[in-house]
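You will see chain A twice below: alongside chain B first, and alongside chain C after that.
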Partner chain A sequence: MSAAIAGHPTEITQIAKKPKSQRSSDSMRKGIEILILSVPALVMFLGFVVLPVIMAAYYGFFKWKGYGKPSVNGTFVGLDNYKIILTDPNFQQALGHTLLIAVLSLVIQGPLAILFALLLNQKFKGRGIIRTLIFVPYVVSEVIVGTGWGLMLQSTGAVNAVLAKVGITGVDWIADPKAAIWTLMFIISWKYIGFAVILMIAGMQSIPEELYEAARVDGASFWQMQWRITLPLLGSTVRIWAFLSLIGSLQLFDLVYIIWGQYVASTAGTSTMATYMVREGRLAGNYGYGNAVAVVIFVISLVIALTYQHFVLNRDLEGAITGPEKKRNRKHKVSNKRAHARSAAANVSASQAKSSEASLATAPIHEGEVA
Partner chain B sequence: MTAATAPQVNQATSRVYELRKSQKTPWGNPIVYFFSLLLVALCIGPVLYIIIGGFRTNSQITRDPAGLPNPWNLSNYKTVFTSGLFWGELMNSLIVALGTMVGIVVFALMVSFVIARYNFKLRGFMYSLFAAGMMFPITVAITPLYLLLRNLGLINSHLGLILPQIAFGLPQAIIILVPFLKSIPLELEEAAEIDGCSRLGFFWRMILPLSWPGVATVGILAFVSSWNAYMLPLFLLNDSSKYTLPLGVQMFSTQHSVDTAQVLAFTSLSMIPALICFTLFQKKIVGGLTGAVKG
Partner chain C sequence: MRLKQVLAAGLSIVTLFSLAACGNSNSASSDGKTEITLWHNSTTGDGKAYWQSAADAFMEDHPNVSIKIEPIQNEDMDGKLQTALQDPNSAPDIFMSRGGKKLRDMVEAGQLMDISDKVSDTVKTQMKSALSAESVDGKLYAVPQSVLPGGMWYSQDLFTQAGVSQTPTNWDEFKTAAVQIKDAGITPIALGGKDAWPAAHWWYWFALRECPTKVFDAATTKGDFSDGCWIKAGEDVEELLKLDVFNEGFLTTPAQQGAGSSAGLIANHMASMELMGGWDPGVIRDLTPDGKDLADLGFFPFPAVENGKGDATAVMGGVDALAVGQWAPEEAVEFLNFVSEKDWQEKYAKAFSTIPASKEAQDAVTSPALKGALEAYNNASYVTIWLDTVFGQNVGNALNEGVVNMMAGKGTPQDVVKTIEDAAAKG
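And now, the complex of A and B:
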């Protein structure tokens, strides 16, 4: 990283050594290398990720069945699609379910994952195998999870058979609209908690052992140590996990669609924004409308994500800045809001937790150099 | 005097013994084991139910939905193994997953190399552009993406699945790879240059071997997520001969909804490749993920 900040010393020595003509051919070669290496990825990314999102915004203004061009075969309706979406009780219901799922995922999985991570962070034989096994539900595909749980949770399925053995009469977990959302929450928690646990364990392992030793010397009990040391220092991991979970919940589609099916979803009590989009857009053949729903989902997700980043993740970004670049970076952050927004956007995933440091530290400074 | 030193020696040896003992992983507290095993049972119980259920007959399942096979019955698995349907879908899934994996690894490695080790004006912008891609999940783009691929004539083709999956997998891959490539010391590059190695030669001879753990993580994540992908194949594939396993499982379970045992056998066979891939490389994946969080 420091190398990148300092600029390439190799280049400087090269420039000093070589005659002028060779210098320009060197920089040309460098340019060509950059071009060859980055064009494939850029083209793919712009073509299949950025372009469709822009297209969605355009199509969303049309009433269009998906054939030919919207401007020829469709009718321009301005913001009508959006008006219909926002006043449609089915969409409001789907939005409600989605938000409920997002909040419940955080409330249910968070504390449980921390408890499980505490358990699996103890030193004992067989810990490695256990850690691998709890990650299995996360690796198994949504279709298999949906099919498997769908069979087990039928009114005559395995779950009710087990419950009957202990004297409980189970309900129809899937078909009963009142139970359905809780069934879905249970399956979601089962599927995704392994990921949360692994993240929490990683966070716990980065807490210095000395803190616990000192606390032990002072006579702290196990639970006191977890409450006063582990929990506060786990903050940044929890906040990043919560962000990932939030984004995942807002996009939830596969599990609901597989278990409750395309037609039942709106009356089954488990519809989400994404299932609404597919049902009203693609399946109904209203492509203009479907694209407008996509835009609404995107905007809602973006607003929630940016708000979360601004109020919650910001602290982690500040904490991530360490070392000699600190002052320079801060100054830059204040003076350049764009760089700030960029680095906030950069801190999107867990895998980015590390790179947020890198991007914050190098990107703005690099820009400063150029300017 | 000998009497005085003897206990000291004793103490010393017992201290050494204690040290050694503490280096070994101890057997844990029974309570820890109890809860850990309970947790494991909850996590893999349903998966085992699917696998074991495949060894039962439908009448066994109807009589006691939660019981064990009695007797064990291999016919469900045999039927799936001998049907062309399963193997065809397995091949489709393999083609798509391997294509996606290779594409993501190659393109992400190339562009990450540029972002991490070249100095140019748009570098910061390029990184932020890809990083922002994490905010564009496939759910939001699926409808226009379908229209785009239809215009390109890529409906019902494996290439139509592979290309968008590569594009949507790039951000995560780049975010994992850039720090890896950045951490390779510049001195190595200088030394290579003095020895007459070009930048691209350096890429092949030094960068690739040294960033192997990151490349492996990216590759496995790409493979597993393509293997499990549901939404894009659902939109793109109408022709059931092109179906990947997730669609195949769903189709099979709708068509054979009365034949539960058969569905369970089909389902459990379809998850095995991803499970094997994951178990073989799980340390790398978990390590890669946790390494990223530890920062």
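And now, the complex of A and C:
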């Protein structure tokens, strides 16, 4: 949005045909302004994001123990580290676990969150309390969640004690390789569903009430309304949530590290790419190798994120991308057509649907980009 | 105009970096005193107080020296040290060392001071047996503070309650005793498998009993694990596992944190024994309900293994020492000589409930458990430090994890040896 607005003044000055000298001093002043305002952010970005990535790539070419300089105290091994990473069954397992967690998170949390949001979007007594309760786990720190569940789910912990009272012998939820990944999925779902629900509720509340009224007049049932109005208009929220959830899954580290400790994660089958990096890099003291793992994780995450953005978030991102005015217009036309088609299905006037989707589409994306 | 842009950009960068560069160097303070920083891992209680009082006493004798003590949480120590050592200005002058491969890595990076000729005769004679653990290629780099021989720590009351009158000396007796304790309704062995190394200690000890000293040395110096005794060690662990004598859920039990940890189980009489290093009495003391020494704590050496080719008296243990940075002032070594004297070593033994490195100060050890450990240590014909310390973090961690995998039923004794070889490729 802001980018689009920023684009306008230049066009206006060009159209107004000011004297040449004034025009150039204007654009010069603007250039300096942009430069000064962006330098601090740029320095931070280069210093704390780009530079570490470059350094990690450099360190990744060495066998290096982290003492002294890699060029002096390490040995240059070229791409050897990468060869070992990609053929290490432990890494392949960790990658498998990470992808499984990413997919399961979407499959488990998505439908549940929408159902919860549908429920919490109705008016009933105590709605505020339940909304708060469902959001509380998301606010609690990972360390506390991990320690708490870790203690309760031990084979001699509270959960098994309760199960024993009803006559069920519980398994070792954490150490049993067959159960561990599902235990982790349960804890992840419990912890992060609150965030999904809040996003969905926000998305639902920006759907205009008139659409439902019109549908009701036409005799649509409750579920028909959710299926034909809520779900389609919730699309962009779902896509953004899925993107955030994917990124969260790819980075998953703290919960696993706290519950399974430094070593047992790969034994129990819950290791992730991040825990593999810490174990093989920092804990094993192989700083060169660890940096190579970091680069691999970076590339995998980047490819997944860009692919998702390109194919799924594509239509939500328009308006956030600055580009030639013509191109933007063309895209708008396409999306208008889509909006028309969908609003026809919803059996309401086209313009209403277009405006509501446009506002839905742009608002959360900017948040996502900032995050 | 271009110049202005460049100037503006330059100015913002300079501002940022001048803010970041506000660190200070630590070698000489403004009042002309020589400043020494010391990093140790006792963040609470008597241990922390011991270092402060030692520093205060030294500063009284040397008014021109100021010692800054910084206790660092044990688990954070390695990471913080590694970062700090990159820059002599922020690095401590004296810091904890456990010897082994890591000490060698620091020496090879030129970060440690060779103190072979700088330590006092007291250090050279009274700590003689512990010096080799802190030496690299015949040169000394750290001054030992305590020796921590490993073995079985057990509750005398629970043994009596189960009708085990004598501590087992060989593998058969050990198995019989463990089953007898189990049948009496008591958990025989506590194990903190979550931290991996306590589980791996079982494998180390069996290896020590199974492998001849020569094979052991070949593995630690050349990384040669071809001898069949290494696989035999794994099979011994499996045999013990089949008896089902470990505490329930040992894979997710930590070693030292809280009453549910393996040390906590011993401290609260929830399990009868555990295999640990010489720090165990101190850790157990902090986890008893009243915070006092466990009255009925006893010690017996790791039992001999039938047909084992290893030395039956051999002892594995740790050495806690203080290393000196290559950049440290001479007074740093003087301070280490100061705390190596008998009276300070005796105070150290009391503060940490452990065995001091100085032979003369070892009379200060009074608890029966520690006395037993000390006796086993002094009678040993062969002493080595923990295998994971010897091999360094890389191979050591892989070895620890390999043993845990095996104990979780996800690997064979052969896999443990293979893990070691795989890890060697990464470092």
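Miscellaneous remarks
The definition used in the following text is that the second predicted complex is superposed on the first by the 269 of 371 C-alpha atoms of A that agree within 3 Å, B and C clash if a C-alpha of one lies under 4 Å from a C-alpha of the other, contacts with A are read in each partner's own complex, and residues count from 1 in each chain.
In this text, a contact is a pair of C-beta atoms (placed from the backbone, for glycine too) under 8 Å apart; a residue touches a chain by one contact, two chains touch by 3 or more.
The model shown is predicted, which means the values in this text are computed figures rather than measured ones.
Contacts of A:T156 after superposition: both chain B and chain C are touched. Of the two partner chains placed by the overlay, only chain C lies in contact with A:Y67; chain B stays clear of it.
Of the two partner chains placed by the overlay, chain B and chain C both lie in contact with A:P40.
Between chain B and chain C, B contacts the larger number of chain A residues. In the superposed model, A:I32 makes contact with chain C only, not with chain B.
In the superposition on chain A, A:A268 makes contact with chain C only, not with chain B. After overlaying the two complexes on the shared chain, residue contacts for A:D172 are found with chain C alone; chain B is out of touch. Legend: residue contacts after superposition of the two complexes on their common chain; A:R282 is shown touching both chain B and chain C.
Once the two complexes are overlaid on the shared chain, A:P232 sits clear of chain B and of chain C alike.
In the superposition on chain A, contact is made by A:I247 with chain B only, not with chain C.
Residues 31, 40, 66, 150-151, 156, 282, 287 of chain A are contacted both by chain B in one complex and by chain C in the other. Within the complex formed with chain A, the chain C residues making contact are 1, 4-5, 8-9, 12-13, 16, 78-79, 82, 85, 102, 105-106, 108-111, 193-196, 248-249, 251-254, 260, 392-394, 397-398, 400-401, 404-405, 408, 410, 422-423, 425-427. Residues 1, 3-4, 7-11, 30-31, 33-34, 37-38, 40-42, 44-45, 47-53, 55-56, 59, 66, 116, 119-120, 122-127, 130-137, 139-145, 147-152, 156-162, 165, 190, 194, 198-199, 201-203, 205-206, 237, 240, 247, 251, 253-254, 258, 274, 277-278, 281-282, 287, 290-291, 294, 297-298, 301-302, 305, 320, 342-343, 345-346, 348-359, 362-364, 366-367, 370 of chain A touch chain B in their complex. Residues 25-29, 32-33, 35-37, 39-40, 42-44, 46-47, 49-50, 53, 62, 64-66, 103, 107-108, 110-111, 113-121, 123-124, 126-137, 139-148, 163-164, 166-168, 170-172, 174-176, 178-179, 182, 185-186, 189-190, 193, 199-200, 224, 227-228, 230-231, 235, 245-247, 249-250, 253, 260, 263-264, 267, 270-271, 274-275, 278-279, 282, 286, 288-295 of chain B touch chain A in their complex.
Interface of chain A with chain C (complex): residues 28, 31-32, 35-36, 39-40, 43, 63, 65-68, 72-73, 81, 84, 88, 150-151, 154-156, 172, 174-175, 177, 260-264, 266-268, 279-280, 282-287, 289.
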